[in-house]
Each structure stands twice: as structure tokens, then as C-alpha cells.
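Next up, some structures in C-alpha cells.
Shared chain: subunit A. Partners: subunit B in the first complex, subunit C in the second.
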Partner chain A sequence: MRESKLWVYHLIAGAVILVLLGIHMFIMHLDAILYSLGVGSQNPIDSGVVFARSKELFFMITYIILLGTALYHGLYGFKNILMELTLAQKSEKFISGFLTLCGVLLFAYGTFAAVFVFMK
Partner chain B sequence: MKVERLHRKNNLGLAGWIRGGRYGLERYAYTLHRITGLGILLYFLLHIFATSSRIWGPEFWEKTMDLFEKPVFKFGEYLVFVAFAYHALNGIRLFITELGFGMGKPQRPVIPYKNAVRRQRPLLIVAMIIAFVLIVFGGLDFYLLGN
Partner chain C sequence: MNENNSTKNTTTVIFEILRYNPETGEKPKMQEYNVQVYKGMTVLDGLNWIKENLDPSLVWRSSCRMGVCGSCGMFINGYPRLACNNQILKISNKKLQIKPLPNFDIIRDLVPDLEGFFQKHKSVKPYLIRKDIQEQNLPTGEYFQSPDELTNYIQFAYCIKCGLCLSACPTVATDERFTGPQALAQAWRYNSDSRDEGSDERIKAVHDEIGASRCHFAGACSDVCPKGVDPSFAIQLLKQDFFLKTLKLRKDEKETHVIPTAKKYVPNPKIPEAPKPTVKK
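Take a look at the complex of A and B:
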């Protein structure tokens, strides 16, 4: 695929992450501030709360979207950095293939976990 | 068919990358963007494994989370939050400028003139102010209000 196209996907993924990770950070790390305003739960990483969230369709789906977009954005960004080392073409091919494989495997594992706990 | 290389060899290595040289603030913003991006990526990869441990049930999950109770980890998590705030806000600035907005129309460099980098600089400053506010609120939540 054309490199410019992959880069546009990198930007689009960044925009999706901005929204989803923004929500994630507010729920998980600005929780005390939110809670004092009457939103969210008092302890978002309490085991009961975590498992209750895992069983909600909204969180299951957004977790998977965030997983995929963040893996793509992060690994593609990492690949770009490595490409600046101007290695031999063979090494560049190997790096791209290896990072793609890592991304696919991690996406499969994380998706499995999200769906498994949702259904259990 | 052999594809011809379009890029030149990087002769300066790491030092050439870190030093801003004659470039301005934005060059360091880029350095930080790269460092925070890689930092978040590293955290994220571990985060996938840590949070997926919930497939073994609540007891296993609680034991995994207990591993991360120490103050070092809490500080580490706060660093990730700081990196996120910076990367997100600077990332928004990059969207705007890389898509060609906020830098004005091309014009002849007749003195006195303002180049594109200096024209977009207010964006950088506003982004950094918002990132700073987020970092302060995050710190309050992590260390004063949180549990």
C-alpha cells in the first residue's frame, strides 16, 4: 500500500484514539474530580467495577476499537522511527512484517479477552 | 526491479536527532512527541497483558493489580498520564499544521515577514497551556483526591 495512505490512517487512528483514550483517561484518572461533580464511580479500578464495565456492550466494543487503533497508530509510528535509521531494504521489510505480525497477534489476544469476559 | 532510495543516509546519528540546531521550539516539541509516543506505546503493550489477565477471573485480577500498588508504579502511571496529555495536545496541533491549516498563505519573504513556523506558534502555546492544565488536574487526582 502507498506510504502516504498508511500515514493518513495513522492520523485518522490518532483522531479516534483522542476521543476514546480521552474518555478512558477521564474515567480512570480524573475519576475523583468527576465523582465530586456527580459522574462516574468512586473507585474505577475496584475489581467489582472493572468486571461490571467489562460486561457492558459499550465498553466491550470501544475497548476493541481502542485496542486496534492504538496498536496501529503506535506500531506504525514506531516503524516510521525505525525507517529513519536508513537500514538495508531487507531489514526494513523484516521490521515491517514483524511489527505487523505483533500487532495482529496482540489485537487477537486483546479482542479475545474483551469478548470472553463480556460473554462469561 | 530495484527501488531507488530517496532518502539520504543519516550521518549524525542520535546527536543530530536530539539537537534542535537552528530550528526553534517546534523541533523540541517533535523530540518530546516522539519520546512520549514511544513511552505510551511501551506502557500500552504491557497494559494489554495486565488488563487481559481478567480472563482468569476476579481473584487473579486482584492479585495482578496488587502487584502495581507500590508508589513507584503510581508515579510511573502518572508519568504515562503526563505523556498522554502532552502527546494528545501536541498531536492536535500536528493535525492542524500537517493538514496545512494555521500557517497562513505562502508569500514572498520580504522583510519584515513572518514564516509559517512562527505563524503557527500561538497554536503550540495554546496546546501547551491546555496540556499543562490537564497535567495539574491529573496530579491533583493522582495524589490528593484519588485513592
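Take a look at the complex of A and C:
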């Protein structure tokens, strides 16, 4: 039951990524369209624009959610691929623990960076 | 082969069969037999003919001869099939290679060990589970079920437990702990039965780390099923059901009540009485 619940969260994370990645694609890569509509900036990867965006609450929250969902979706999917190797139960537990630890550390570091820039 | 068949046009087909006897300690080996095959002759007929005429030591499992019991599942020319409902000439008119079902241990020759298969089947509690235990033990009538409710699960009730789906499943091939398409399809067969109230009890067996979430939807199980059960579809429905229940998006099912049986039988006057028995008791 626990495994299926994790799988459900995996699906939900996928759906969230779809929306957030859509926003990211529009802002970062389809900027010309947005700019022609009078929204966004002409050069979204300009350091000043990136910094200004990071100071906005909406983007800070969006970054953290995207980071969390992307980490969960990616690492859970990676774990499942490794589980297909049908390793010994000890190895499976180690892999699960190691990937969970990696995910938590990366999320903590990324969240810290997003909050730090926002607060600065 | 009876006399009628022996007079018909026949073709010689080579049966290459895997032989294995764990008591001798020898490794499994292939053995060839020449069989005179007539039109309409099944693989099982061919095996019976070999046993009667060429090699009485050949061992396999079979019973009904009509695709109902699910005993004679074999790996015939690289594909899991029932030996009784596959005609030799429709598979090949030259050579048949017959091995026991993959993904199972071999007991002897073409006999797979189905013990683990039935354990998995048992683990999903493949029977109606009700909260009204007293009614189940001492029934006062029948549980109501509409024809529409019947169609929800009837396809999955056709499973004959032959094991072909497990032998075709790539996930079972890599991880023998995987509950497998047969057991999971049976879990869905009972979960989707309007009379059943046991889906919560089956959750542990169906949705653990070796359960439905391990299915990759290769669809090989549905491809080989001789009864058209479509276990891979059942697994997707199990997953969908769990997803919707986890997100509280599925409404609670209606309870099924017992239809009390008529206490006194009142004959319909329009229907004439049955004639009296002609044989004395």
C-alpha cells in the first residue's frame, strides 16, 4: 500500500511538473511571444532580470515547488528503474535510503538558495 | 490416433520436446519424435500419440482437452499456449518445439511447478468478502446484482488459472516476487464485483512493493491469455481505482442487499404442471 501511495504521488508530481515546466518554458524560452504581448522581459536570462525575478514571492514559491516535485519525480523514477535489477533486499534498502537522503539534501540546499536570494 | 484418422492425409511433424527428470540428476535436454499429423490434430493429441506409441515416459499435465481446466499450458514454438486448443498444423507443418512454461520451476519434462502461482492467487483473497458475516454463513437469500454490474467483472471471471500470463510476463521474468497478472486480475475481478466489500482487505496484497505498481503494462499477459481475460487492463483499472481512492475522487459504492426468497411458492396458473415421473422411486 505504501508503494502504491508513493506511485500516486509520483503521478501527481508529474502533473505539477507539467504545469510548472510549462510556465518555465514560456518565461525562459518563449520570451519573445510573451514580450510581444506586453508581458515579461526582453532578455529573461539577463542576471539583473533573474535576480529581480528571484525577489518575487510567486517565483520563490514556484522554484521551491518545482524543485521538490522534480526531485521526487526523478529520484522515485530512478529508484524504480534500479529496483528492476532485483538486487538483494539489503541493497534495495540502501538505494532507497541513499536516494531519499540525496533528495532531502538537494531540496534543503535548493530551498535555502531560493529563500536566501529572496530575503537578500 | 484412431483408425479413422490414420486413413486421412497425414504430414510428418517433428516434435522437439524438452526432457528433464530431476531424479536422474541429468541436465534438461531436447528429444525429437516424428509424429504423423492429420488436419485438426491438436498438440495434446500429438503428445498423447507419442506417449501411447513412442515414449511412455514422457510427462505433462492435462485434463479436460477443451481449454477449460487450464492444465496443459506449454511453451510451444516460443509462445505460451494451451496444448489442447492449438492445432499442430496451424502452428507449423514441419517442427514443433515444446518446452515447459517459462518463469516456473520444472517438476518433470513439461510439468511446471505451479505452487507459487497458486500462493500468489490465494494472497489476493479471490472470493467474495462481506461485512455481514452471519448472512454469508446462513444465507436468507441472494445478493442483488444487475446485468450492468455483472459486465464490470465477468470478463475477468473467465480466468482458468493456466499460468500462461505469468509465463509471458516480463516483470515476473525479472522479479519472481511480483504478484503477477493472474492474481492481480483476480483481485480486480472481486474488487469490481458489486456484491464484494473486501477491497480494503486486498489492498495489502495488491498494492505493496511487489504489487500492481510494478506492472509496466507490456501487455504480454493479455496477448497470450487463451480466454481473452486481459489481465493488463485489470491491473490498469486497479491502479486507477487506487489513484482515485487515494485522492478521494471515487464515490463510495452502494451497498448490495439481499433479496429475500419467497417464503411460499405460488405456482403461475398460466404454466402447466410438469408431468408425473414415469420411473418409480
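As a working rule, the second predicted complex is superposed on the first by the 119 of 120 C-alpha atoms of A that agree within 3 Å, B and C clash if a C-alpha of one lies under 4 Å from a C-alpha of the other, contacts with A are read in each partner's own complex, and residues count from 1 in each chain.
What we mean here is this: a contact is a pair of C-beta atoms (placed from the backbone, for glycine too) under 8 Å apart; a residue touches a chain by one contact, two chains touch by 3 or more.
Small disclaimer: the values here were computed from a predicted structure and weren't measured.
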item	value
Contacts of A:36 with subunit B and subunit C, given as first, second, both or neither	first
Touching partner for A:88 - first (subunit B), second (subunit C), both, neither	neither
Touched partner set for A:50, first subunit B, second subunit C, both or neither	first
Per-residue contact with subunit A, leading partner among subunit C and subunit B	B
Partner chain(s) touched by A:113 [first = subunit B, second = subunit C, both, neither]	first
First (subunit B), second (subunit C), both or neither touched by A:8	second
Partner chain in contact with A:67 - subunit B first, subunit C second, else both or neither	first
Subunit A positions touched by subunit B in one structure and by subunit C in the second	11, 84, 86
Subunit C - residues contacting subunit A, complex	174-175, 203-204, 207-209, 211-213, 239, 242-243, 246-247
Complex contacts: residues of subunit B adjacent to subunit A	3, 5, 7-10, 34, 37-38, 40-41, 44-45, 48, 51-52, 54-55, 58, 61-62, 65, 77, 81, 84, 88, 91-92, 95, 98, 137-138, 140-142, 145-147
List of subunit A residues in touch with subunit B within their complex	11, 14-15, 18, 21-22, 25, 29-33, 36, 42-43, 45, 47-48, 50-51, 54, 67, 70-71, 74-75, 77-78, 81, 84-86, 89, 106, 109-110, 112-113, 116-117
Residues of subunit A that touch subunit C when the two form their complex	1-5, 7-8, 11-12, 83-84, 86
